[in-house]
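Two complexes are shown next, each including chain A; its partner changes from chain B in the first to chain C in the second.
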Partner chain A sequence: MNTQDIKTTLKTFILNEYLPGEDPAALTDTTPLMTTGILDSIAVLKVVTFLEDQFHITIEPHEAVVENLNTLSDIERFVTSKQV
Partner chain B sequence: MLTETKTYNRSDAAPAVALTKPGTSRLSDHYFSRPAQFLAILIQFALLVVIVDYWRLESQSLTRLLCLAFVGFVVHHLLPLRFRLPFFAMLSLLAVITGVGHLGPNVFAAWLTGRLALNDFLYHLVPGLALVGIGLGLIGLCHLPIRFGARVGLVAIAGTGLAFLRAHSQWFPDISEMWVILGSMFMFRLMVYLYDLKHRTAPFSPAHAVSYFFMLPNVCFPLFPVVDYKTFCSTYYNEDWPRVYQTGLRWMLRGVFHLLLYRVIYQFAPLDVYKLSSALDVGGCMLGMYLLYLRISGTFHLIVGLLLMFGFNLPETHHLYYLATSFTDFWRRINIYWKDFVMKLFFYPTHFKLRKIGPIRAMSVATLVTFVATWILHSWQWFWIRGTPLFNWKDFSFWMILGVLVLVTAIYEATCGRKRTLTPSRLTLRRRLILGLQAAGVFSLMCILWAYWSCQTWAEFEALLDAASKPTFREVLIVLGALVLVCVCGMLWGWSSRETSEGRGTQASRAPFRFWPSTMAVTAGSLCLLVAPSVVTWIVPASKGLVGRLHSDVLNARDMAQQRRGYYEELDVSRMDNWAWHGAEEPEGWSKGRKAFFRPRSDFLLTDVVPSTNTVLGGASCTSNSLGMRDREYQKAKPANTYRIVLLGASNDMGTGVKNDETYENLVEDNLNSRVPDSRYSRYEILNLSVAADSILQRVLRLEQEGFEFQPNAAILSVSAVDEQFIASHLRKALIRGIEPSAAYHDIVQSVISRAHVNGKMPAVMIERRLQPYVTELCKWSFQRFAQQCAQRGIRPLVIYRPAPADFSGLESTARGKLLAMARDAGLQVIDLSPAFDSVTDRSSLILAKWDDHTTALGHRLLADQLYKDLVPVLFGSLSIQQTSLLQKP
Partner chain C sequence: MATSVLHQLLDISASRFPDRVAVEEAESGSIRYHELARLSDRLRDRLRGMGVGSGDRVGICMRKSGDAVASIFGVMKAGAAYVPADPTAPAQRNAFIFHNCAVKVLIVEARLAEALELEFSKLGFTPQMIVLEGTGAGVPLTKALDRLDAVSLASSVPSAAPDPSHLAYILYTSGSTGRPKGVMLSQGNAACFIDWCSDVFQPNEHDRFSSHAPFHFDLSILDIYVSLKHGATLVLVEEQLGKEPGRLAPWIAEKRLTVWYSAPSILSLLAQFGKLDQHNYSSLRLVLFAGEVFPIKYLKLLKSLWLHPRYFNLYGPTETNVCTFYEVPHLIPESQTEPVPIGKACPHCEPLVVNEGGTEVAQGAEGELCIAGPSVLEGYWNLPENTAKAFLPGCDSRWYRTGDIVVELPDGNYKFLGRRDRMIKKRGYRIELGEIEMALYRHPAIKEAAVLAFPDDDGVPIKAFTSTRNGSKLSIIELKRFCSENLPLYMVPDLFCFLESLPKTSTDKIDYQKLKSMK
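Then we have the complex of A and B:
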């Protein structure tokens, strides 16, 4: 799965799960998710589970942080690094 | 070793202070705007230091610390960036070494001028140096070149050893002051540090470690936010300095406001469960208990604000937490440092371990584990601050109830979801109304839960609920009105961006910052706090006393009487300069003679004084005569040509805390005998029949049972503002001990007991509270009985109103008018001694100690002056008055 596919999968998941009815164009690769409260601590857990199931990676508790999960780009970079 | 940065290469670790370099700024910005901004920041910082000193906030140590921080701030800012963190570390160590040992400028000056020997001066450094030594040792253990698990084991062993020594701090009296601060620096931060060290999520260096553990403000605040190490490192100058500093100043001012508001609540809210007489009182009490938390939010704002002044751009804590719209929202707003700490160390690891059992189950278990950990860690904190562990059902149940409430809300949010938007949209009126109602609901429930946590016993909480069981329509309306107010505030400010400390680790885009409007606001707010007291007392002179109470850092009436407070209140050991180490608990031996001096009786008088006893009460020697009075020796039969007065009162009339010859009745007696105001009498005697905590009922009964035997010419019934409370307490004791009232008192007492629906099996606090509506009736009856009994025997009855040395309960003005009116209605002549203390500006100087509000020897002399002046014309006619100032006596 290339980087764009990862982002698209993620974007669809986040729009369906947390932002139903929102304009997909408004969610860009750099839209902050954790620092704006779109993803709170409980939502982060769901995203982590989704990432693990979808991309067959294992995420550690200390990795579920803002540096890795704040934007679609951050998440894509993080997933890619875990897949290596 | 300690400089372990090789595996850490986060892009956001580079401080954004580079933005401020002249090369990247416009010339005018560099030469005009920046210096002007820095000057404005300096002025505001200086104003805040003056405010803290002016209002005597927290302790004198805090003022000293802020002075040091102010000077340090200037140097820190002017240093090149690479030297700033090491400088902050050194400044923090200096603050710890001087602060823990109370090495202020006076001690330093005394040493410089030769008034203090070098050894004595060095002795002041011992506790601070011991703390620094132990702290550096613990940090060193974290970085030993051995397996990480072994390091953790060594730290745990060292921590256990230190905890053992903390529990036996009396073994090392020279360094006893250091334990609380050592605990507050390391008890939680070591866990965070080890966690981040294990995962290498932040840079590690000696400067980082020393700055993190010995953080400058910590030395003054045993209750300190659990700052996250990674956040501490990653936020260092991550934004432009004017924004960081100005935000710090704004938060510091907010902290000052919170602390002053706390003082208002602490001094004036109806916090005494024993005195609640209506549902409205209960509402006020619960609200007051919840608002007392302002002390913690105030100190946290002050601490975090101060750290921002040194470039640590930490996240805002306690953001409008009283307006939380759900329990998860409350948890995310109140102490986010704690929330992030337990999430990081307990919630996420537990959840990740259990995620196979399903997300909701894993979340449920992880949440409960987090709250159990919170309970245990709060007990751990209590241990380090107070020296003894705290494990009881009340704390456990409080944290579990809160945990379940948070969990239920979290499950609801996880399953039903909460509204999230990508773009900030205008909130509709309907949405705002829902937010407001949610805020009011959470606020009410938190008030109840907090009151449960703050009450000392279940019986006390039960009595609280009992007092609210029969609200009137008016009371319901007032409570609803207050909730509507919360609802409106929730509608206006209830929406939260739910900022977390992690969010500030990056340079996430934030709202544009306007430096100068913020500067104006902080400056104006600061000036208001400095000028307002003078303006208020000038416009309303009567407010002088109220402003004075806000200025002083003394216990309120409830705590003075009961020496107890809530969880955070009892952990308040920061006022160590002014108070005893553990708040205001009385020193050992202060009232050691209480048991020896008083003995229980099996009748309605309950207590009397043991004859011919010598002991210590209120820190002073106290002797009783052979007739069982706290007084000089007298013959039982009245000698010839003697004018004899009996005095009936309570502990202040008995003279608790002053020597025998210093009691006001003995001073008046001495003066009568030296002045001889009536030539028919060659001798004057005042027999003191006062017994500590006697109610008016007991005083009148004591006169009947004992006083009349001494054939007095006059009887003085001394009353004070707290007397109504004494009646409830007297009846409660009699009921619990199963003592029947004396024959003449039987009907009135039984009638009250029956109407109040009380019995001896009820909790004490509930009995007293239910008796409250009837104490006025009993007071009136007592005055009438006093007048009638004296008239029957031809004895001159007099009532004196004795003012309290300091009016902590705020009852004085209303209680005085009420009591004196009742006495006059009973046909009694009254002498109001209230003007006795008018010449004293600082009334708290008239109390024995912070932990004992009895009248000092000076207070007794002033009372004696006033009583002599007013008594002589009443008893012997005005011609005999000779103004004498007992104060002039040696």
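Then we have the complex of A and C:
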């Protein structure tokens, strides 16, 4: 899966689960997800499970942090690095 | 030994166990009993030199740390009440709290000081400040006191005389009028609860207590004072770690905790995501939970993974501290689909179940639980009307109305049925939905706002129904960001629904019943 596909898949998941009704254009690659209440701690766990299932990767507990998961770009970069 | 006042607990343990570790932090070291007692004495001396005395309030705004524990005891030794605020909450909210109860001194971390001072200046409020360059095992507090001593040495003074009627702390909880309200608890209010914990849980100096709840949250009262009373070690759970079951689960095993106390939400997550079967929890002897209903399916799952500890459901609002308790039986029947009851009253609390008119109901009938006894709050800070409304009118005893609807089961245990008002519990936090509505009304584009919660087994999603001034939809992301700037993150609505206008009742009030059906 290329990087654009990763972002699109993830964006659809976050819009459906945590931002139902939001204009997709409002969720940009750099929208902060964890620091502004879009994803709370439980939502982060569900995003991690989604990423593991969808992209066949394993995310260690210490990796589920704001540096890796705060924006779509961060997550895409993180997932790509795990796929190498 | 019966507890007289809280600050004496530390000094007694420091004389019995001077070299035992009192407080252990995840990454910033630890502080021993004699060091903690000495540091709190130094702060007491400094505060007294700054004019703090009996009847005053001192604010504390810092990360949970050895410095925070020393500050708490230093404030009480000086005779004042401590007012802990959430260091992660917006500065505006914390400034309101400190201004509201007119703290004489604020002990604050440098990284938080500037934003608070800005908010104070808007309020024309100028408390004295003790600023710490960070937190960690009491070192920054020691340095801050050293700096002040270098300018003028604080004279040594005795600790405040033990008086159980003295205010010990004020905990601010969400307020339905849009502003947090301060629950005033005296030394005596807390002491009877701590002594009850000693009787039931039989702690000793070898125990290692978790400190999962933040210090502005009433679960911290058990953590701090029961552990320190018995010379045990209080192991601080760093805030982020406390939310991540994947990291927290091995950490609990590694730290060999013996007593765990938290809201059920993190225990549910530990059971689901913690891979608890992969670690050794043989040290754990007590699992205590409070603050909200524990979904039975996750309690069963947890008990199947942590088999040997005793489990207790502790119930009680901040205003009474724990007032009923229930020991979960070793085996929960497979057929049980209801949450466990909240149990029977603690011996120092007297329960009464009343109908809407305030008259006692027959056993087995639904009604509001009221509590009297020595643990019941003094009142709400500077809110005499709210204080008056909190108690049953026309009674000799002070019966605190919990707002919780219960029924007494045939075996004498109380079962929690719901709330009589609009307060909810989410991840153990008490949230007045009205406070979220007031925050939404501060948004310039919002015309109407109504907030409801739709609890299920997996949580308590909060949904905001709004209409806008020009009828257009707003960005949900922008609204969440706006809320996060005005409310603690746990109060930010999970879902938003935009309507042309909110449904109204015949008296032109927002029709919450109709909104409830629009889940």
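A few notes on this one:
Going forward, the second predicted complex is superposed on the first by the 84 of 84 C-alpha atoms of A that agree within 3 Å, B and C clash if a C-alpha of one lies under 4 Å from a C-alpha of the other, contacts with A are read in each partner's own complex, and residues count from 1 in each chain.
The rule is simple: a residue touches a chain if its C-beta (ideal position, glycine included) is under 8 Å from a C-beta of that chain, and two chains touch if they have at least 3 such contacts.
Please read these numbers as outputs of a predicted model, since none were measured by experiment.
In the superposition on chain A, contact is made by A:Leu27 with both chain B and chain C.
By the touch criterion stated above, A:Ala64 is placed in contact with chain B and with chain C alike. More residues of chain A lie in contact with B than with the other chain of the pair chain B and chain C. Residue contacts after overlaying the shared chain place A:Asp5 against neither chain B nor chain C.
Once chain A of one complex is fitted onto chain A of the other, the partner contacts of A:Leu19 extend to both chain B and chain C.
In the superposed model, A:Thr36 lies in contact with both chain B and chain C. Overlap of the chain B and chain C interfaces on chain A comprises residues 18-19, 22-23, 26-27, 31-32, 35-38, 40-42, 45, 60-62, 64-65. Chain C makes touch with chain A in their complex at residues 240, 243-247, 250, 265, 269, 273, 459, 473, 475-478, 480-481, 483-484, 489-490, 492, 494-498.
Against chain B, in their complex, chain A makes its touches with residues 17-19, 22-23, 26-27, 31-32, 34-38, 40-42, 45-46, 48-49, 59-62, 64-67, 70. Chain A makes touch with chain C in their complex at residues 18-23, 26-27, 31-32, 35-38, 40-42, 45, 60-62, 64-65. Residue ranges of chain B in contact with chain A, taken from their complex: 10, 12, 195, 199, 201, 328, 332, 343-344, 347-349, 351-352, 355, 359, 362-363, 410, 413-414, 417, 420-423, 496-500, 502-506, 508-509.
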